[in-house]
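Right after this note come the structures.
What follows is a pair of complexes built around subunit A, which joins subunit B in one and subunit C in the other.
Presenting the complex of A and B:
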């Protein structure tokens, strides 16, 4: 059997198991950790797809920093999710199934993965692949696209991150904890 | 402040390597996967690991929030400044060809500076977010 396919199926199966576990769990600490594992697995999926840059970002941001931020947030709230009286699940179940069926139906129209005749591979991608070495002169095409061809977008993304930081500063601010100093106790 | 010896020793070994790897990702992004965004996150993760093991107070002493609050907009300014610079040199906004005599040299320089801007902003913002969330007493 194709090795790529085996790895894909394994990774996706693990992801499905984790997603179900997250829905069923009440312990928020465990859920945060499972989300981290989920991110790591999707980074694995991206690696199998040869999207090293995306996998890198997913592993660093999704599995790393966002988990830490989620855990830090947990210290400010309860550790357990409040059990909620559930209403009749029939209607939500129908909505979920119909939406899922529509999504699966929608994928039947998409080109197969790696299809050379897919529209995405005929727009600007050939130009990047053929001309970026000459025009930009660096081997990593992803960096060429990100920083040069699509420099505007990256500037926008950077501004978004900065804005997010400003928003958190405005809402929470940074309070320095009082240092609990006992005289004579040096570490 | 925790007193787990194993954690402290392992962290002391790992943190310099994490920071070095972040710099590698930052400045080697032209040739290998990675770039400013990933580098900024990894660098912030290294500092956060230090804060987790050795305490937030010591980390804030070493890297005060005030400095990070300057670094965070500085990255965006570096990025946008490169764009304004290319405008002044006669090109379009963010058209790095005009940064040097040779177009590809200009591109190299432009990408280097732009990625540096991204890295600085991402690093400082991630760390500021961590400070903001972790710096509060539980349940406050």
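Presenting the complex of A and C:
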């Protein structure tokens, strides 16, 4: 009995069910709760796929911070979504199916998961593993890749996250409570 | 044994999802989400022991913490309508 495969299929099926429910639901609080469950499920999928760091981030940001941000937004808006008369759904449906088919077609060219001969393990990864401690001087390889080899990339990402945080703070109205210190930044 | 535990946890997850989707009241949904988070913690722990990667237990601990904080935030939202207030008698 292949339990890993069963767990994968079940978690993904849960995610599909929840996504459909989110689309069909009108109660925004219930949708926020469902998003929390969705995030927990995707973190579970990451864990099963052995991507522990991604699962950490997904759990902290997806299930933790973003649920709270959504609820904070709910305090500013209505609890119910206004039903809107939708137009003909044929064209969006075709676009979605074509995009999905293209994505599935794209996966056929990917190397198998955990394949040691995949290009990702041969391009620069051996150099990182062998030389990063001598070149950078940080024992943790991931840290030296993020902070040194891809330093500009990380700087750009941090700027984007900072901007998004400032925008969210501005939208959620910190101005109501005047404080001496600056409000804390979320990552 | 871990396989049996995993199957049982998955069945419970299905039940929790059903309650989240049907849940007539808000409190059913909150409780179902809380239980779902607990089941995720248990599932990850079971997978960790089954596959021998005990470092996954750290993730299970993080989930437990996030689950607790998230539920407290949700309940505060429902009791007060905002997050910045304390309990009764405090500003």
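Note that in this section the second predicted complex is superposed on the first by the 150 of 187 C-alpha atoms of A that agree within 3 Å, B and C clash if a C-alpha of one lies under 4 Å from a C-alpha of the other, contacts with A are read in each partner's own complex, and residues count from 1 in each chain.
Quick note on the criterion: a residue touches a chain if its C-beta (ideal position, glycine included) is under 8 Å from a C-beta of that chain, and two chains touch if they have at least 3 such contacts.
Keep in mind that what you see is a predicted model, and the values were worked out from it rather than measured.
S.K.: Scan A:106 for contacts with subunit B and subunit C and give back first, second, both or neither.
M.R.: neither
S.K.: With the two structures laid over each other on chain A, which partner does A:83 touch: subunit B (first), subunit C (second), both, or neither?
M.R.: Touch partners of A:83: none, neither subunit B nor subunit C.
S.K.: Where does A:56 make contact in the superposed view: on subunit B (first), on subunit C (second), on both, or on neither?
M.R.: A:56 contacts both subunit B and subunit C.
S.K.: Going by the contact rule stated at the top, is it subunit B or subunit C that touches a larger number of residues on subunit A?
M.R.: For subunit A, the partner with the higher number of touched residues is B.
S.K.: May I ask you to decide whether A:69 touches subunit B, subunit C, both, or neither, giving the answer as first, second, both or neither?
M.R.: first
S.K.: A:119 contacts which: subunit B (first), subunit C (second), both, neither?
M.R.: Neither partner.
S.K.: By the touch definition at the top of the document, which applies to A:164: first (subunit B), second (subunit C), both, or neither?
M.R.: The first partner, subunit B, only.
S.K.: Figure out whether A:152 sits in contact with subunit B (first) or subunit C (second), or with both, or with neither.
M.R.: So A:152 only meets subunit B here.
S.K.: Does subunit B (first) or subunit C (second) touch A:142, or do both, or does neither?
M.R.: first
S.K.: Jot down the residues of subunit A that show up as touching in both complexes, subunit B in one and subunit C in the other.
M.R.: On subunit A, the overlap between the subunit B and subunit C contacts is residues 52, 55-56, 60, 64, 68, 72, 75, 177.
S.K.: Can you check the complex and tell me which residues of subunit A touch subunit B?
M.R.: Per the stated touch rule, the residues are 52-53, 55-57, 60-61, 64-65, 68-69, 72-73, 75-77, 134-140, 142-144, 146-148, 151-152, 154-155, 157-159, 161-162, 164-166, 168-169, 172-177, 179, 187.
S.K.: Once bound in the complex, which stretches of subunit B touch subunit A?
M.R.: Counting only subunit B, the residues touching subunit A are 1, 25, 29-35, 37-38, 41-42, 44-45, 48, 52, 56-57, 60, 65, 69, 72-73, 75-76, 79-80, 83, 93-94, 96, 103-104, 107-108, 110-111, 114-115, 117-118, 121-122, 124-126, 128-140.
S.K.: Within the complex, which stretch of subunit A touches subunit C?
M.R.: Subunit A reaches subunit C through residues 1, 3, 7, 10, 14, 17-18, 21, 29-30, 33-34, 36-37, 40-41, 43-44, 47-48, 50, 52, 55-56, 59-60, 63-64, 67-68, 71-72, 74-75, 177.
S.K.: Can you list the subunit C residues touching subunit A in their complex?
M.R.: So the residues of subunit C touching subunit A come out as 3, 6, 10, 13-14, 17, 20-21, 23, 26, 29-30, 32-33, 36-37, 40, 43-44, 47, 50, 53, 55-56, 58-59, 62-63, 66-67, 69-70, 73-74, 77, 81-84.
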